[in-house]
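Below are structures written as structure tokens.
Shared chain: chain A. Partners: chain B in the first complex, chain C in the second.
Moving on, here comes the complex of A and B:
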């Protein structure tokens, strides 16, 4: 605020009507959003305490659920908010996984301390990748990300120090850790990443950066003309997403115990989250949660049917894409205007 | 697919299980309520659960073709339960698909260990399934028996130390020394210029076979063979032109390798188009299966391959009493398909598992089961299995011979043509150069 208040505009106020004028306010929080926040917090606490109340089977499934959810949020952040469709996020999952081999098995660093290291390494690798990729747009960008991921896969497959194409076991680095601690630490890592991805997305998207991001998603040209530095926003998100995927990759392969280039840099990581985000609802924070639940439910029910499982999964994706192009949560949002983690500002009439 | 002999009571659980949550979540209120008040566990302790991981789908699906037949045989053999230390124990097999993918194999093993709480895991068919499964078992303290991966990629590929070995995981199959010995013995049967072209992919098998010290190159040089090796290729591969140009330029007469079936089909049809005419083609993995051979068609005649089991192998099953020939005939009668080598190896996994079970203290006692597996001395359908006599701890070796696909009426039959390393297995024919009318 400047010290000198500008003189009021000469506006003649119309005589007051019989009824008081309706007042409007821009709101972000709603009753459901407070429910959403509480639910997230309670769930996070319950998950963190799971090693004391759940059995190993539940811990393992929760860990897997959380890292897939985190991965889906990372992809959603790029595609749903920055307008960057990447089909090469497996590059960073793989790099994170291979950090376990280099720093954990070979250099003897505690395997759980490798997780943050993996995030840093993936972010560092993302910088030169982005330099190349950001010269491309749209579909070319998507194909470019895949090419980058394949390059990393082939480089790793030819690096005999990390086992080359045969891959390598990381059991040696896990051997000394008691089972309870291994399960608990893996779970906590996954909770930080999974719940953290939602919380971080929630707070960032409600800030002015979030407003800018959503503008970028809707129209790069229009938001650019409004003074948003579009490329810089996309850069930041790309690198943040890479760091997230790197850390998730490390958590994934701590639970898998064996890594090979074809497993680490598998396109499956991206196609799985693609399915989850598209089914759940792209560009919402709730969508990936719903999508992950649906994915796990379908997998649990159908994965014993071999190839039919994949055909059914594909059929579900096709049907949802045709009937509900903005995903299940997109449908909920339109139908009931219900949002657990609202990131849109809305104009509400105040009483 | 889960195969149950009979309804099994739920095992005891300390906390809330994934299944409980899942069922409740799916709205199966009845199931949810039932698992909240689990049945008494008297019977649960009497069920021995075997987890079985195999590549049912994916590029290696051909290895798993006989799985359903084998499981039906095991179910029948254990229908009345198995006698363990004076009591009857029911046997349940829980089958999981590895999708020919090591990520999925690790997940399947971990589900079996944590969700199904199996007593033993058996797994087979190439390192992409056996290695991740064995790693999960080793770290979670669950006994594990695997086969159908040469023992070096299995043992050294998992960072095994020959002085220490592994605690929970046991493996039986042949090794690189056998494949090298039998291939070179086979090739010496006919006159060639001794120039060998190699097709070794960049995977666990390819890297082990092409390893300069432990693999083929050292032995080939020693025995006077020239080697044309263009390095490890990435599988799946659809263009082998660079290999073919080099093989032709260097006049390769013997082609060898360890190649997934689809890649080899590409190589061999391109070799035909581009005029490479080797006298001998001995490629493992790709030409082990009748289905893959039929897919190649007439050009498959004369391909040779290592043979780990055949209907003429002089062994019989301790589980069903069948001889090798009887097992192959029963399989064809039941499924209409021709025999393939994994048939007997899958069968033998369960033979060794049941033998160990009989000598153990039953379900819920992994240490006793591990001791029983460790002291296995068993005559199986694929030969003797004894983990004390292997080249490294935890490994037992099975015999290896070589065979050739030779015309017999309309179809091609795999006949054993060389038995230099296992003279107890009879030879049926001799090696005929490809293209020569034998």
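Moving on, here comes the complex of A and C:
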């Protein structure tokens, strides 16, 4: 796809004055960044210790919160930074889930070891998918990702070895693992994915590579003309996101213990995170966190309203999109110039 | 003088629209070439073909002795082709300094530390130092145009493509811009400049080409070209000292 770089030319560049840049200093950390880092660490530790202080329903809700948050970060990485709007990430969630059936139930691998395996399998499947999908642009790409997900759903529904259209139980793979351990390990897996996605995103965005990510987010054309290999970056992010979704899919169905093609490859996995990321603030690390909190709060509040729940959720989405087009966190960012995980490089004259 | 850019027999079709027809011209090392022509003549397409945003249907484009027409834009930038867009494309969520840092780091393929030094030089040179920490999305049109040029300069190009950078500026601003472009030339950078403001162009370029309906109509000494009957006809008698 991308052609080879030619050997470097003997470039006679315009002589850059060899003035020492000591007159200026670049700073990345601020007080709020240390607050954000501390907050993230404390939250991660508190969550990891939850099996000793929380009850079972809190553990289960936290697990769900974390895997939805992780899924939102994966989608944000694609749509928010790489400019690849996918409505087919459920393909990799489903593949991750079905890895539990193949490697856990049928081959007898410890079900928690299937999680990293699921990431690898999803990444491998992403390569041929990308070969096809990367020929498409914009809305066509989005529709294409959905078609790919549907193909996997139909293939799975017709594979009787993994239970066919009615699905199968995963309970056999967790027998012998005490319930306390099962809940704790599932939670820890979700913590690694949810908090890990934020920490990894934060780390990458502050690196040299992060400059390229933010540049592509803001303008693909200008990024290419300034030397950024946009296509290669999109490939890497697509595969990384698939791997993430695969691992998340495995965690999701370990906590559910029953899988079917319509649940595993459900469009809901993508529409939920679409809602979360767009409402929270696309192209920021904080946005998906805020969006996930809002989503869980609304779901809790509106759960008694039956089908009105979805109508109200849609209404909230429409209002936020009209009033705050860059999401809640985008509004906070503009209004208060506040950032929990700042990635901005400040240039200041040194005395 | 050695040839830096060699465009030969390049054709580009958009469907049945023949936007670039058998385009052939060269740019020598250190030369400044001006491009004029009516709107829709295919001037920006010419830039897109040189930078790799658009692939030619046939023909060949060489830069510094290497055929580049299959290379992606990023590779062409690293080998020394810089460009500005007619409508500035700033990275709106990043600061002015970060915008320039992107060009310095990726356009030269160097580590961020080293790129910081390059970016600081460019900020000073283009008069953007006092706005270094401003978010690019909050800049005025003039500053967006300055940033567009600064970012391209940070890639340390051997050939710089300028697409209507003087459009929409006041007379005084055009004057400052011409001065800046002339300092870039003085560093030995080759230029191709598309511009409707002819007097700004004539203050800089060595040679002029006229493009109309995708074809190269005439090339040569700027003043001779401007006085030629073809140009008079294309521009319907527009005075050469009047901003178009």
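Here, the second predicted complex is superposed on the first by the 319 of 351 C-alpha atoms of A that agree within 3 Å, B and C clash if a C-alpha of one lies under 4 Å from a C-alpha of the other, contacts with A are read in each partner's own complex, and residues count from 1 in each chain.
Simple rule for what comes next: a residue touches a chain if its C-beta (ideal position, glycine included) is under 8 Å from a C-beta of that chain, and two chains touch if they have at least 3 such contacts.
Since we're looking at a predicted model, the values are computed, not measured.
By the touch criterion defined above, A:58 lies against chain B but remains apart from chain C after alignment on the C-alpha atoms of chain A. Judged by the touch definition given at the top, the superposed model places A:257 against chain B, while chain C stays out of reach.
When the two structures are aligned on the shared chain, A:167 is found in touch with chain B, with no touch to chain C.
When both complexes are overlaid on chain A, the residue A:178 reaches neither chain B nor chain C.
With both structures placed on the common chain, the touch criterion links A:215 to chain C but leaves chain B unconnected.
Contact with chain C, but none with chain B, is seen for A:283 once the two complexes are overlaid on the shared chain. In the superposed model, A:157 makes contact with chain B only, not with chain C.
With both structures placed on the common chain, the touch criterion links A:307 to chain B but leaves chain C unconnected.
If you check the complex, the residues on chain A that touch chain B are 53-58, 60-61, 64, 154, 157-158, 164-169, 171-172, 174-175, 179, 255-258, 260, 262-263, 266, 268, 297, 300-301, 303-304, 306-307. Looking at the complex, you find that chain C touches chain A at residues 51-53, 64, 66, 68, 70-75, 77-80, 82-83, 85, 89-95, 97-98, 101-103, 105-109, 111-112, 116-118, 120-121, 123, 132-133, 151-152, 154-156, 158, 184, 187-189. The residues of chain B lying in touch with chain A in their complex are 1-2, 13-19, 21-22, 25-26, 56-57, 95, 97, 101-103, 106-107, 110-111, 114-115, 117, 127-128, 131-132, 135-136, 138-140, 153, 157-159, 201-204, 206-208, 232, 234. The touching residues of chain A, counted against chain C in their complex, run 2-3, 5-6, 8-9, 11-17, 19-21, 23-24, 26, 208, 211-212, 214-215, 217-219, 221-231, 283, 344-348.
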